[in-house]
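Chain nomenclature is as follows: A, B, C and D, assigned in order of appearance, with residue numbering initiated at 1 for each chain independently.
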Amino acid sequence: MEAFSDGVIAVAATLLVLNLVVPAAGAHGLAHALGRRWPAYAAYATSFITIGIIWINHHVVLGRLREADHAILILNLLLLMTIGVLPFATNLLSVYLNRPRGQHVAAAVYAGAFLLMSIAFTLLNWHILMRKTHLLRAPLSHEERRRIGLRFMTGLGPYVVATALAFVSQYLTLGICAGIALFYSLPVASGQQRAAKTA
Amino acid sequence: MEAFSDGVIAVAATLLVLNLVVPAAGAHGLAHALGRRWPAYAAYATSFITIGIIWINHHVVLGRLREADHAILILNLLLLMTIGVLPFATNLLSVYLNRPRGQHVAAAVYAGAFLLMSIAFTLLNWHILMRKTHLLRAPLSHEERRRIGLRFMTGLGPYVVATALAFVSQYLTLGICAGIALFYSLPVASGQQRAAKTA
Amino acid sequence: MEAFSDGVIAVAATLLVLNLVVPAAGAHGLAHALGRRWPAYAAYATSFITIGIIWINHHVVLGRLREADHAILILNLLLLMTIGVLPFATNLLSVYLNRPRGQHVAAAVYAGAFLLMSIAFTLLNWHILMRKTHLLRAPLSHEERRRIGLRFMTGLGPYVVATALAFVSQYLTLGICAGIALFYSLPVASGQQRAAKTA
Amino acid sequence: MEAFSDGVIAVAATLLVLNLVVPAAGAHGLAHALGRRWPAYAAYATSFITIGIIWINHHVVLGRLREADHAILILNLLLLMTIGVLPFATNLLSVYLNRPRGQHVAAAVYAGAFLLMSIAFTLLNWHILMRKTHLLRAPLSHEERRRIGLRFMTGLGPYVVATALAFVSQYLTLGICAGIALFYSLPVASGQQRAAKTA
């Protein structure tokens, strides 16, 4: 299951580059034409880091399993399907971020795609932790399983906010999504480190 | 063989996103323009889940093998070639589903591509089970091999129906293909579960 | 080295689908428009099978190695670079096969790309067999190494012919390339089977 | 971590082919039209070999690790993000190399993308060697760690020069980048060989 998942996630991350289109030089020169495309770069970086962090977490979640059954495979497939959509959502935001029309809808779709992906991930994780304890590699206490499950669930909050605020400001939505990616990149967000401090 | 197969299947699934094109906002706004593209989303989801289920079954079929010989590698290659075509068939259906011309042909090509893929898979599976028993990891009774082989063969039926009905209604064809994907996603369709109940 | 090579080869094979473009239905309907595109399907199938056979052979060649040194890695990279070009060459032939201009050059580039790829593969194989015997997993007699090396070298011949004949008929070139792919798909072309018969 | 990294690097290398576009035959025929596109081929080859060499080095660097922590995963992600951009930078140079406007900026972006990638790689390597010694598979002397770290850092120099000279001549920039790729392909650039000579 990991080889296929790694493949889909890696290809989705790399396809984000199709979002970067070679512009015509225009009246102000190529540097200016490239500069005007900053939404594409911001969306690329935000999406790439987010997909990368999904991949890291995906590895942790699946690493807890001794083996997978049909339900886990299908829930994992749903997660991959939502990840596969991200290059499209990224492209949509890149095109519309700076436009006077469609910018709010594009931002809502962008954050909404991340939210959908997070919901699929939360479902997969919850299913494994709560209903497939017998497939876990090492036993986890009920306490610990609840704690991990809740951490995933609270992770949905910021994406709900980002999606709702799309209708206030598309820049705010992109900023929140970038902030979430940044937050999970920091050492403080790493479960490993937190565990190390607790011990 | 698995690494290459996993790669092709994962890339084919992820390339389906190229099917989702950023639309012009148009007179009714971006939300409306996106909404009108629902055939693309329906076709994307149907194809992604179908490819994912192929991958799960592919894993089970190849997992029965201790090693592969030349004939198995070539039959597997034929299967991968038909999987590789699915992003094109998906794109074709997305573009033509709602059009007054070409919609029947596009639906026939779409279900026909799934049918072709199922035939290639059935051939590979039949060849392994009936002619390469000495390469199996664990011996299977003739009974059991026949049962598995027939299950694959009966799986062709719905795609034959979906292809034929394309000339009645393209929506029916897409509905049947989506239904097949949904059916195989349910726990009842999993061989594991069925085996568990039998035991 | 295998994971990276498998990745490049699998992605190159799957990118061939971008060669299949959704046509406008035109005056004669979609079925006719799709039918007229047969060069794209013929080129897709020929290229896909050829890349698949490269992959099978690549596996055999690298499987003989205990470990790889810098020279082997670089020669392998050159081979992958020529494989990476095949989606472009396939696209070129698909577009020009039926046209009154450029058809000969396109066919020459197509067969020439396969020839280039075969030369890179022959170089890699020759280098491993003749100069890196100490890195082989199992010792091979000088006789055997020569035999394998020559088999690769004689494999260049048909591609030389196919490239040269491009200027007589582009269809002949595609036919020869398809014939080569078909030949290597047959059991008779498999080294395993031949060895089995010899034993 | 390697499977995901291998995937992203392999896909980025293979996506370079999208840089090669089928041209219209034009007044002078297809051969002439293809010949005029030489910047695309030169940029393709330079980028492909460079990505391949990154992959080889990446393997060596990660191969030193027993396991990876959060900081290493994130730094690796940053490196992959810069690699993922290379198909775009390659495309940009291919389009603008021969044009009278934008050629300098395109060349600066091209070499600048390689520079950015090298900086990310140097950071990852430095972090592993200097701050995560306890995660190394085999202990390395401080001397040796400094030597490897400095070798990476001096590798940045040529890309700084190539980026700066883009405003003198875009051809010079491409030439330097190609030269760097060629240099690292030679046996002399291989650490293995050097070590062998020292011993």
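Annotations
Convention: a contact is a pair of C-beta atoms (placed from the backbone, for glycine too) under 8 Å apart; a residue touches a chain by one contact, two chains touch by 3 or more.
Fair warning: this is a prediction, and the values are worked out from it, not measured in the lab.
Under half of the residue numbers at the interface between copies chain B and chain C are found on both sides, making the touching surfaces mostly different. When the CA atoms of chain C are superposed on those of chain D, the rotation angle is 90 degrees to the nearest 5. Comparing mean CA positions across the assembly, the chain most remote from chain B is D.
Between chain A and chain B the centroid-to-centroid distance comes to 27 Å (mean Cα coordinates, whole Å). Centre-to-centre, using mean CA coordinates, chain B is 38 Å away from chain D. Counting partner chains per residue, chain B has residues 3, 6-7, 11, 15, 18 touching two or more of them. Contacts from chain C toward chain B in the complex involve residues 2-3, 6-7, 9-11, 13-18, 20, 22, 25, 29-31, 33-34, 44-45, 48-49, 52-53, 55-56, 185, 187, 189-190, 192-193. Within the complex formed with chain A, the residues of chain D that make contact are 3-4, 6-8, 11-12, 15, 18, 69-71, 73-74, 77, 80-81, 84-85, 87-88, 91-92, 95-96, 99, 101-102, 105-106, 109.
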